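A, B, C, D and E are the chain letters, set down in written order, and residue numbers restart from 1 in every chain.
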Amino acid sequence: QDVTLDVFYAFPAFAKFHEPIAQEFMKAHPKIKINFRAPAASYDEGHQTMLRQSVTNQLPDVYYSGFHLLSELVEALDKRKQIVDLGPMLAAEPEAWRKVNYSDALLSLGQANGKQSGLAFNASTPLMYYNAELVKKAGGDPDKMPDNWAALVALAKAIRAGATDVAGMAYNIHDWPDDWLWRGMILQGGATLLDDSGKKVGFGGAYGEKALQTLRSFVTEAGMPLIDWDQSRQQFIAGKIGIFFDTPARLRQVTDLIGDRFTLKTALFPIDDKAKGKLPTGGNAALITAKDPAKQKAAWEFIKFVTGPEAQKIVVETAGYMPTNLRAGSDEFLGPFYKANPNFRTINGQVDRAAPWQGYPGNNSVRIWRTQREVINSVMRGETAPKAGIERIVSETEALMK
Amino acid sequence: MTAVAQGAARSRRRRWIEQATGLGFALPALALLFLTILLPLAVLLYLSMTNYEFGAISADWVGLANFQKALGDPIIRRSVVNTLVYVAVVVPGGVFGALLIAILVHGRRRTRSFYEVIYFLPVTSTLIAMATVWQFLLHPALGPVNAVLRSLGFGQIAFLSEPTTALPTLAVIGIWQLLGFNMILFLAGLSAIPRDLYEAAEIDGASNPIDRFLTITWPLLGPTTMFVIVTTMITAFKIFDTVAVMTRGGPMGTTEVLLYNIYLEGFQYFHTGYAAALTFIFLAFILVFSVAQTFTLDKKVHY
Amino acid sequence: MHGQAENRDMATVGLQSIAKSFGATKVLGGVDLSIADGEFLTLVGPSGCGKSTLIRIIAGLETQDSGSVAIGGLGVDHMRPHERRVAMVFQSYALYPHMSVRSNIAVPLTMSRMTMRQRLPLVRLMSRSRREIMRGIDADVAAVAAQLQLEHLLDRRPAQLSGGQRQRVALGRAMVRNPDVFLMDEPLSNLDAKLRVHMRTELAELHKRLGVTFIYVTHDQIEAMTMSDRVAMMDAGEILQLGKPSELYDLPASIKVAQFIGSPAINLLPATVGPGGRVELFGRPLARAVEEPAGSAVTLGIRAEALSIGQADPGHGARASFSARLRRKENLGSEFILHFDLAGPDASGVTMRATPASAALVQESSEVTLTFDEGLCHVFNSAGRRLEARDGSSRNTIVSLKAWP
Amino acid sequence: MHGQAENRDMATVGLQSIAKSFGATKVLGGVDLSIADGEFLTLVGPSGCGKSTLIRIIAGLETQDSGSVAIGGLGVDHMRPHERRVAMVFQSYALYPHMSVRSNIAVPLTMSRMTMRQRLPLVRLMSRSRREIMRGIDADVAAVAAQLQLEHLLDRRPAQLSGGQRQRVALGRAMVRNPDVFLMDEPLSNLDAKLRVHMRTELAELHKRLGVTFIYVTHDQIEAMTMSDRVAMMDAGEILQLGKPSELYDLPASIKVAQFIGSPAINLLPATVGPGGRVELFGRPLARAVEEPAGSAVTLGIRAEALSIGQADPGHGARASFSARLRRKENLGSEFILHFDLAGPDASGVTMRATPASAALVQESSEVTLTFDEGLCHVFNSAGRRLEARDGSSRNTIVSLKAWP
Amino acid sequence: MAETALPSGAAARPVPAGAMAARLLSLVAVHAVLVAGAVFMLLPFVWMLITSVKPPAEIFTAQISLWPKNFYGVENYTFALSQAPLLRFALNGLILCFGILAVQLLVAIPCAYALAKLNFPGRNVVFVLVLLGLCIPVQVPAMPLYIALAELGLLNTYFSMMAPFFLSVFAIFLLRQFFRSFPDDIIHAARLDGVSEFEIVWRIVTPSAWPAIAAFSVFSAVAHWNDLYWPLIVISDAKMAPPPLGMMFFADAETGSNYGALTAAATVLTAPLVIAFLIARRRFIDGVTMTGVK
């Protein structure tokens, strides 16, 4: 008989792809009705809502959890047996089907607490946006952007020198709400968040010092303004910043806001360690919290659909996220779109580097980032030397990891 | 003898009726107060003595450890200082600015409604939209405020991103939000002042605006002013929204205020027990402030 | 700021066709009045006739719809109330509720004697001269408080005072000042007779000492008669008669004035004009003749004190008489008011003043003959205007008194 | 709720040693008073003596510190104001500022005639009986408004009224009611003489019609003398004398009462007691003898109307005389007040009432002989108490009047 | 710079040049202050309105322009109105605001009157509790209240959105201040007239506090119209959501806000509040002046 699924997601604006996907799904599965709950304002608030509802047993059937909160949520829900392990369900599907749709890297994004807790729905790795005119004016080649940080800073310096009141680049790590960009800086160089013991940070010492030096050089060399990331993006959109780093999810919006003021292009995130370099993955994974077996089954159908190529096509076209389905990029689905909008295709080149979200031990991740961020900000402002800075970051982080 | 006793009993009846009326009128409020404030506070008090983490199934009793920890936490201390700075800017600005505007607006005839609406507009705003707007207005390179500063020969200022200016900027935005509402309270207070007192003052020579203000307006506005000061102070102590939306405590913790830290502890770090203890410290702090202020002012403003 | 005020040495007050309406309610209908410097003018009139409105217009608290006010010969219409240099006692007192009696009375002095700087809070603490001025003000306040018998109440707030005490504070606030014109709106209405007598002399003294103009509203006939140089009787926003107090009493211009002035009110008897202009009362002709066509109806006004009991006494001018029945005696202590029913078909009655001794001579329900001095009675035509006697022989008392030594 | 109230058919009011202080200020010092059912009692006394406080205690608005109040023989200390079934006119009017005159007057009727349900907004629209009651109320309001001459003001708010009009509304709000006791605190103080006379009769009629008890505060001697069954003279929170109006005037118990009652105030002359208890004025013995040791100082009180000009006239009781110089004549219209300076070293003066005619006979600054009827004067001892004449021969007027036919 | 509307300022009178100049000067000074303040207050709204009619490409530009080259208002507003059920949210807001305000006034007015004018044991305690209530941030009682409502099965109802706000300590405190200044004699007169204490509150005292009640009403309406925090805790059905959720559909931290639609939605959802204010503001002007007592 008919099943109604309660689906809960964060960011009301995501209605722009959730709604059409649900329409498509219901067309394909007439017996399953999708009912969206009032969306949460943010991942954090969605997370709090889930925790609250787990206490009162009001959980939805499907929830899209931010990657950075996934393991905490799964841990909490596991205690009350309120989350469904997707591993067996996935295993029950034909192996071939699994292989065509999901890579291991993609599957790993949804793993937490050692099991397949969810399937990645939205995913993003940091993307380079740039102003082709400014790059050209500075003597760079808009079609072949630097693939390492030293060259990038040099180009940014040239952009800054080439025009008044234009900043060479902006990498808004100093006030990013989470450590996504910081992880980007760490992972791209082949370092890890934690060392092998899992008890110490993996980016201390010379590596970290160099990373901080690079960050400082953004300001000193490239004239990066130390302002709010929204303001920074606005400035980029106004044509006053040469190179800008942001999530691909905003590609659609940035493109619209620029209009034909200048030529927006995107490029791969510079990677200093081409072999080991990884990139942090933001976004969310769909998970099942339904209790009723019939609903669980319907929910699994739903999750398969939303992570399927038709749904991902909608997501990519409306936002710019990295597709989380291997087939989505094919000609059958996104091919024509990518051809028309090459900027959107760029992110696909980073899928292989997408690393799952790894937490610090001790549930203090947010506080650790707030502490680190203060030091990073202070280094970028030139108030703290990079060496002293990384020492502080390491010691304070490790203190909070207990 | 019995007559005396009877008389006493009867007067007691009258007093009893009076007191019962008073209590009866306060009762619905008291019941709601109990249900929506006191009971939750009791739960919170219990939590503050545990190490409960949000979403957890169980918690351990830790006694006063959370309170001890809070008193020694440097981040909390910093946020107390930030909060006090914010309060110190917003209260005088929000109260006396509103008083000035209210008095000026009250004297207008034709333009009165025009100004009232304009000054009231910020009260109606939702932070969701306004945060974006403020960020653009204060944008160092694109915003009109800095355009004006530049044209006046000052350099541009990254109001929300400089550690030295971020908190004062939030305070100014706080005043912007509060001013209109306080103005309306003052306007309500002004319309309750009997007109013949102004007439008497005018005859007595208290004719210029300052004299009129000092002789009539200020003293008779006392109850309103007291209310506005106390509520503005409490509102300022509770500063949270603008921080959460516009600076998230940054840059470099310069806008981390007490309530934002409690929010971080409770809803970001999920240290519910610790956050509860912080909440109690916060409550004790502003309650003492406001009760002391209220009861000392109360004697002065009523005749 | 007071430049203009200082030039004006004479505090005459001139009102030129002052009109005022509140919405549709016409309150003043073109009042003309000119008051001499140093004059004590009393406004009387029925409740709601516009007295308060008029003095509020003079003070500048209300704006007239048309007409103009001049003080000291200068138009003051453009001046704010304080620039007109008037002191006022409000009918509603308008005390400052948050100030002690002392401060209430001191306000006008503080305003006039201290500079802005000395009045400012905090700043004033630094002013040395301030203390001296304060001492002067305190002395003046104490003096006025003594006149008003308020010495022991100086530290109270208005809410802690009785009605009469509040009124005295309101009066004190005006009395401490040294304005060009005093405007007082029923300043003694809530005081007891003894205190009122005391305050009358205090006000009279103030008037003499300062020599300034007083405009005074009262419902008390004794106040109006004893304090004023002139009395203006108002009704429905018009001045009906303006003159010396005795003129209003003895030579009322109209029946309305005669009725309003004097307590108990004047007795009005219907009469007709007979041949030769002779007035006929109850069909019997009197000695008085008026310039009215024979047969027209007139009204005879006889003051309560003009009546007496007993037969006409030919030795003392022309006396007429009619008979009446005593309905009720009213003992006022010092005298009696006797209420008579008239014997005729006309149901109305007359009142008469009598000493206790003469009142004792009549009994209730007894029929007596009342006589009155024709020289002391007034004849009003049907329009209510008082008619002069036709021949000089029987003029009114006041006139004859003036002719005496 | 009114069970007790309905049982009480008699609205006597009994006060038993009522005392009241505001903080350190003692206002009432143990007042005992018992007022008969249907009596009209007037409270008089100097400003601030506690009159308003006393009636506020009777109404239950203020709580006495000690003592008890009974209405209709039942203690009402436990009752809240409205249970005491009293109507009150406040000295400060206390009008409802947001209601029209009509609604102000209608409030007490609405409260007593309508049920809670009928008064509720919205609900009342559905009540059919309500309209009928409303019509009754409107009629009553209209009737009272007519008595008060307020008909044309019924739709105004208090702020749009003149002082006297406000007072009448306050009066009207009490008059529409049908309480056991009326408490009126200077209800006519802001009305003109004519209207006051009118209101006096209206109140007298109301009193007669309802037959309820009135407690009335006034500063107006005429009101006190003419309306009251008894007058209580208060001073400093005590009742100095309680009696018929004429008793207070003619037989004042003490110098304070004598001074307070009567206008102009009684003349007080220093005198001594000579041999045989004979009172000596300016060294000359009078006929009057009192029970005081010889040589003690007494005060002679002579009413202004007891004095007359000219030689002693032996035909009319014992008359004494002294000489004085006319300082000032005061014309009150109906009579004159003559102010004399005494010839002796004693600087004080005396006042005398005179008819216009006799006033015309003396000139200012002229020396005259004043005579007075010894039977009409009072002797007070040094403590201020009035002394009875030793022999029955020369009792006071009132007594002798009583003996007359 | 007249701070009260004294009648002296009537324009019709002939005024000497000196006084005229002085008055004009002070008038200019007053308006200068007011206009300067008004610019500060208005600036964000001007930008909001301009943005709501701009095409995306003109929103962030280096040159500040007050009017778009390309008028895009129709698109933004239709987009805002069609993408989110703004009118439905506005209706929810209306229900919430009226429901909350009605109960708030019903509860707060008698309590404020009792605190201001009646003597009862524990009056100061109640007053301190009121102050305590003022100090408490909304987040504090949220969890216990949420659990209680869940236990009662009341989640997802209008009632659950309103219940925590039925008590407004703010209103109690504000009205207490106003009631305190109400003349005792008028209350006494009412008691003598047989007006019950209950009716004294509603018929006699409340009309005198209209300015304060109107001020509070706009405050309450604004606060609950704009509240998203609590409704999203107890509501999971988007059909019951309050107005700000309408804006959240366009304010997006994750994929980037749609500024044109966001400001259009903000404009649409602010308008009712401005209208409510315009209605309520009449009450600030004709406050009942206390002429009832002498």
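Convention: a residue touches a chain if its C-beta (ideal position, glycine included) is under 8 Å from a C-beta of that chain, and two chains touch if they have at least 3 such contacts.
Since the structure is predicted, the reported quantities are computational estimates derived from the model, not experimental observations.
Enquirer: Taking each chain's centre as the mean of its C-alpha atoms, which one ends up farthest from the centre of subunit D?
Expert: Result for the farthest chain: A.
Enquirer: Overlay subunit C and subunit D by their C-alpha atoms and let me know the rotation angle in degrees, rounded to the nearest 5.
Expert: 180
Enquirer: May I ask which two chains are joined by the most contacting C-beta pairs?
Expert: The largest set of C-beta contacts joins the chains B-E.
Enquirer: Looking at C-alpha means, what's the farthest chain from subunit C?
Expert: The most remote chain is A.
Enquirer: At what distance in angstrom does the C-alpha mean of subunit B lie from that of subunit A?
Expert: It comes to 38 Å between the two C-alpha centres.
Enquirer: Using mean C-alpha positions as chain centres, tell me how far subunit B is from subunit C in Å, no decimals.
Expert: 57
Enquirer: With chain centres defined as C-alpha means, what is the inter-centre distance between subunit B and subunit E in Å?
Expert: Centre separation, subunit B to subunit E: 15 Å.
Enquirer: Nearest whole angstrom, what separates the Cα centre of subunit C from the Cα centre of subunit D?
Expert: 23
Enquirer: Would you give the residues of subunit D that are in contact with at least 2 other chains, written as numbers and ranges?
Expert: In subunit D, residues 80, 91-92, 163 touch at least two other chains, as defined above.
Enquirer: Would you mind listing the residues of subunit B that make contact with two or more other chains?
Expert: Residue numbers touching two or more other chains: 18, 132, 136, 141-142, 194, 196, 199, 202, 267.
Enquirer: So which stretches of subunit A touch two or more other chains?
Expert: 55, 234-235, 238, 240
Enquirer: Help me check something: in the complex, which residues belonging to subunit E touch subunit D?
Expert: Going through subunit E, the ones touching subunit D are 183, 185-186, 188-196, 199, 204, 207-208, 288-294.
Enquirer: Applying the document's contact rule, which stretches of subunit D touch subunit E when the two form their complex?
Expert: Contact set of subunit D toward subunit E: 56, 59, 61, 80-82, 86-88, 90-98, 107-108, 111-112, 116, 119, 157-159, 163, 166, 173, 177.
Enquirer: Going by the contact rule set out above, which residues of subunit B touch subunit C in the complex?
Expert: Against subunit C, the touching part of subunit B is residues 194, 196-197, 199-208, 210-211, 214-216, 219-220, 222, 303.
Enquirer: Okay, in this complex, where on subunit D does subunit B touch?
Expert: Answer in residue numbers: 63, 68, 75, 77-80.
Enquirer: Enumerate the contact residues on subunit A facing subunit E in the complex.
Expert: Per the stated touch rule, the residues are 6, 8, 10-16, 36-42, 45, 49, 52, 55-56, 58, 60, 233-235, 237-240, 247, 249-250, 252-254, 256-261, 319-320.
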